[in-house]
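Per-chain numbering from 1; labels A, B, C, D and E assigned in written order.
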């Protein structure tokens, strides 16, 4: 039988994948994609918790809904910024945006 | 009133965003509108102090909300006015900045007023997105886009972690409302819930720039316009700090709570590492970023006591920090407007080129350092008092030692301003009356808060008492 | 049955997710991301929430990958550079860390899925979460305005 | 009256800062006027102090930070009045000594310093005390850093940070004291007089030692006591003349004053417990300070180091915890303020003329400029503790008191040799700088400079011969303290 | 109004005179400042003589016969006035709960006598200086110093509180410092003044410590009842000895007793009236006076023998060294050291009154001798007795007055020194025969060097000074100065003819000659030991019946005559003949290398830590401070590498942070 534990662990695994992506990807778009995975994993965690734990209000599912929407908004801003980066730096890689340090 | 403020700011932002393209040549009009809206919301915030109750289970009305409205509206008002320092509006002729600031402020207010994790999340993102855009606002500014990209990506990671945290807490408690969480969590949260709280703290700490979640801050400050950096250094901080006060007192338990202890640890780390990092900075905005980290560390120390004294200290610290930090960033803005980049090097001899400016700068910098009779000193004093009241001796001692480091790097600024001779061919510095009057106003506020903080304190204490 | 479905969906999702974060070819990554999200929509169905599944399908599995492809094209980033060794180490560590946080989930054996109809979800959304809903709309507006502002050609 | 003494100079500083005054003509006159006016006021307060009754005069308190438990509480007693009167006097002297300066900022800083210093000596609330204690640092930093000699930046930063290290620990101790004493007082209070009434309670706190050292560290740095003294030679040497006068005359006094006012009054038990250690530090300061003085080749640095020796007597007197020893400590502080102020004044004027501070580069100053030479001679002799000048009475009483207490007695036996070593240093200096033939022409003292030196010379002699001008005030100030201390020990 | 009530004017007047001269001395025309100062001293002299008169009237009278017969109890024939000794008291430094330091003037017979002595001697020294210092650049300053010097000594004598004794004592130290270095451009003067100050200051530590201890024991500094039985009981024998010896160290320093005598010879760098001031009326006398005041403690503590021993050895030591010198002032300086040794010997062998008598007598005749030598130097333009050209012929007044002083010094009857010195020797004979022999030997040498001086300076024509070119006299090793640093003593310019001094100087000489004769008689048995019975304080072993006296007197006179005769015999024949081996002469002239030992060994030892400590100060302590700051900066620059600029690192920090919170915060 599928339990909350299954879903949560799966969500954790997705989080692991997403984090791996965030840390290893050198193209910023790919990083944002990894972030998307993270957000999806979180949404999934909410939704599953709601499905198993909260039979009446489904606040978690609503939360998941919001996450999906907000993630889209986030991505649009992110891409706008990355476009500007591309314009100023000629590339959207982590090498391009490591000038400021120390 | 609270609801009215929310609506006012939301629609104000919309109106500003809509009309912005028509006023590319006359940004002052947008500034005036924005200022008027913020002025109105400030007054309404004062009126909202006696309200109580919850709107749609998500927004709490009450003294603390009112305080948040007032403080954040003040920030908005000042930023709206500060936008006039550059006559041409950021050399880009665009007024969306006012809308973004307004929505950012709205997000901040909702953050404090929130009674629900969903609301909290949305409010957080509202205030975060506006700052992402503000940092990368000038698309031709090399550092600006770099900083915005880093800030945005890290912010997204941070909010993802925050979401995981909330999800875990939700899993354990089955609740998103603060009250429910508090009831379910009880005195000893489970491992999963603790993990959730830890992950949540990453998201919160990220916005407050606590070490080790701080790393975006120096870049973001350095890359942004000084005005934006100023906004960044006060508005999200004010919202988050007060928001954490609410979270701590309503959802995550009393003084013994794990969260408070963690905050103490992060704050201590911020104070220490931030101070070390700041020692050798030569870019003023970067220096100020580290200084913010240190200040947020002090603030976090007060938060970690989870006591009335501590929360009052937090509130006062914020008020003091708003006027001081904005003052300094306005000065930076004014000087950048005069073609003076925000580096120690270019600030050499400023005090001789324009003595009055030197004095104003000194007021802000000394307040940041915590010199008596200025707001910054009392802020620190309150933090120390809170720590003493909580018998947290070790943090107290560490904190006071780091004050010494603070003096070192703040006095480096003063040394450049007053002790160095200006470059040979530097002309007399004269800058706009707007900038001048704003700076004087803020400097007076810094002094006033340092000398006669009593009314403000009483008000703030009443506000935080309400959530205890 | 549902267990088999879950494992199958989960396994495929993970495979595509891993592929999405490891492949050097960005276009392929975007496609596999779309598939990942599509499969997640399946999981939402499994959770008894068709509304979520639908939205997941429309937004995450469709709109976002398309947007991503656009941006990949616009920035001419067809491939992502190979990660540095320390990045891989850090990434693995981070992945392990993520699991640490979720290790407490193993003990959750609540097995009863409560399905939720789109109507219920919708009415809840507009009643209990009305204010967040409004705020979210402001948020979207902000994102729009922000994206426009970032992309606008300045007069200066 | 006290608010006027504190805030009039500060307001005047703001006024001076705003003057359009490129030659600082109006600034220096304003500064002098304010200093003289406040001097008259404080002298009046000094003269009208009801010695037989003791206690505090001009007391003023109003709620300032009630949420923290702090009040703006100021007042003068016999312990603070001498310093409160010395402050405007030395300000006036410094203004006169800087008559050739053309920066209004310099005079504004002096006024700021004056106000803050009076605040330090008047404060009867620990927060208010700290506030002024700290506020002194900033103008001093700028005075050194802007108008000092070649290594001014280094010296200024060192002064600032070194002092700060002490004062932040004191701040921690202040806050901790107030909160730890709260159970005894029923509320959190930073009020000095209230805390003093809880001395018995404080004595039994396990943290008492920590609190004691929190205060003591700040004051020992300010004093300064070896090995916490190394900021002093830099700061004194690099500071402009007026800065050196302020430093030596008043800033160091904050240390001794604080030790008596706070360490003795609030933690007598701890003071007694650590008397041995403090006496050892005092002894080292005296002997070591004298030896290091002997080794200096820079005239200002030499005088600076002699202060280490002088202030060692202060610490010795305090560590003895006898009435006579504490009398000696206070007397020595005032005397040191007058005499070392005079030394720095003269050396500053001399260095301005010779454009060097190297002793080796000077000779025969007395024959070249007899007035300057004579006054410097007098000052240097005063510095070695010459009887008939103020310093002798201070040193004598400190040692005398030290001898009466069993703890400090062994140290006195050795400390007296510091007198001879320092005498050697001073005499050698006199020989090298003042005596012999001069091959250069030096301007002798101008009337303004004579006016600057005259009050100090007068005071040095007066306090050397007529202790009644000071002792009764000290007595009125410290006897209540001692009575209270005795009660605690009972 | 009695003189007692006016007594505070005695020190106050010259002090005011000092203030006036120091501030406005240059406004006096010509010698005006000198005359002014002298006038002040004249008033002081009148006051002090008046005081002496009051005291003599008020003091108890003694039956001499009973005293000589040893019946001390029955000897009182006239009780002292009830308010005698006089005491004036003011509040000075008052500390609640402590005796503090009241300002006390305490006038007993001794104080009155010494006051009068100081005032008179000082008066004539002032008078002499008017002429002697004429043409000096800092003429008014000189008189200002003399005034303060006198004031300090008078205050010291009259002080009824030991603190004020110390104060005045130290001021005297200062004035001697200033006056020795009066010719401040001379390197030797600078060194000498420093040496004098440091030596006496070092000794003064004993005074201070003694006072502290005394206060600890009896709770005050009062002079009056120091010796009362109650106090002595409170003090106890051991402490009494310790306090007494501590104070005696100070006295040794001030009175230049071996081994602290080294400063006194070099004090000759000052102008001659200064030497007279230091050696006669003030300064050196203070040490003796102080020891006399602490006599009860020394007696009770049983350590008088130390005083006696030091005194006797010094007396002999100085008298032996004196004949090796050619500088008239230095010969006289040695004689001072020697005579002071006699006084301490007297005190040490219970001859308290005799020592006081010798103090007074010596003050006058030594002032006379020094002023006489000043007159000689003034006339002959040299200090070297060999370079003086038959001064008897050229300066008859000087010669005869000087001779009076010299005879007094030698102890030839009936001059002052004879009466006083022999009384000391009587006491020594009674109590310490060995020291008596030493004293006699010293008397022999005294007569010897005095006669040598007179013969060579006054009777012989000028000749080449024998050791001027000697290798060992080059430089001033006793002042730690090399040959190039020390200027050799000037010889008279070619063709210089000695001449008699001016009227003021002669007047002073004559007056002092008369006084030294008079005072000798006042204390002599012929006039019933007037001076001694005046200061009588209960025990006088030196007073002997006439029958017993004669042998002593005859012995003393014979010894003196023998010394004088030998000197006459040798030096009137051939003054330049080298009678001692050269090495001995060299050793004596270099003062047996004691000074050099002090400089090279003790001085070096005392200074040894200087550079080490300065190094520690600069590089170790300060270095540590700088290191702390520097370390912070290094740490800072290292930590800055953490802020790598790469967002992946930053994200990693965030995750690590979360993990650390979770793991670290787990309970």
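In the analysis below, a contact is a pair of C-beta atoms (placed from the backbone, for glycine too) under 8 Å apart; a residue touches a chain by one contact, two chains touch by 3 or more.
The structure presented is a predicted model; accordingly, all values stated were derived computationally and were not measured.
Among the remaining chains, which ones contact both subunit C and subunit D?
B, E
Using the touch definition from the top, list the chains contacting both subunit A and subunit B.
Chains in contact with subunit A as well as subunit B: C, E.
Can you tell me which chain pair comes out on top for contact count?
Pair with the most C-beta pairs in contact: A-C.
Determine, using the mean of C-alpha atoms as each chain's centre, which chain is farthest from subunit A.
Most distant chain from subunit A: E.
Need the central chain here, defined by C-alpha centroid distance to the all-chain C-alpha centroid.
Chain closest to the assembly's C-alpha mean: D.
Using mean CA coordinates as chain centres, what's the gap between subunit A and subunit C in Å?
Inter-chain centre distance comes to 6 Å.
Centroid from C-alpha atoms only, then distance subunit C to subunit E, rounded to Å. What do you get?
One centre to the other, that is 103 Å.
Distance-wise, how many Å sit between the C-alpha centres of subunit B and subunit E, to the nearest whole number?
The answer is 78 Å.
Starting from the mean Cα coordinates of subunit B and subunit C, work out the distance between those two points in Å.
Inter-chain centre distance comes to 31 Å.
Which subunit C residues reach two or more other chains?
Expected reply: 87, 90, 94, 97-98, 100-102, 105, 108, 128-129, 132, 136, 139, 142-143, 146, 150-151.
For subunit A, give me the residues that contact two or more of the other chains.
In subunit A, residues 4, 8, 11, 15, 18-19, 22-24, 31-32, 43, 50, 53-54, 59, 62, 66, 70, 73-74, 77, 81-82, 84, 92, 97, 99-100, 102 touch at least two other chains, as defined above.
Which subunit D residues touch at least two other chains?
Counting only residues that touch two or more other chains, subunit D contributes 161.
Go ahead and list every pair of chains that touch.
The complete list of chain pairs in contact reads A-B, A-C, A-E, B-C, B-D, B-E, C-E, D-E.
For the complex, which residues does subunit B have touching subunit E?
149-150, 153-154, 157-158, 161, 191, 194-195, 198-199, 201-202, 205-206, 211-213, 215-216, 218-219, 258, 261-262, 265-266, 273, 276-277, 279-280, 405, 408
Using the touch rule from the top, collect the residues of subunit D that touch subunit E in their complex.
158, 161-162, 226-227, 229-231, 288, 291-292, 294-296, 323-324, 327, 364, 366-367, 381, 386-388, 392-393, 396, 399-400, 403-404, 412-413, 416-417, 419-421, 423-424, 427-428, 431, 434-437, 467-468, 471-472, 475, 479
Could you please specify the touching residues of subunit E with respect to subunit A in the complex?
Contacts found on subunit E: 640-641, 643-648, 651-652, 655.
In the complex formed with subunit C, which residues of subunit A make contact?
Those residues of subunit A that touch subunit C are 1-27, 29-30, 32-34, 36-37, 40, 43-44, 47-48, 50-55, 57-59, 61-62, 64-66, 68-77, 79-84, 86, 91-93, 95.
Which of the residues in subunit B end up touching subunit C in this complex?
10, 13-14, 17, 21, 24-25, 55-59, 88, 90-94, 96-97, 99-100, 103, 106, 110, 116, 118-119, 122-123, 125-126, 129-130, 132-133, 136-140, 164, 168, 171, 190-192, 195-196, 198-199
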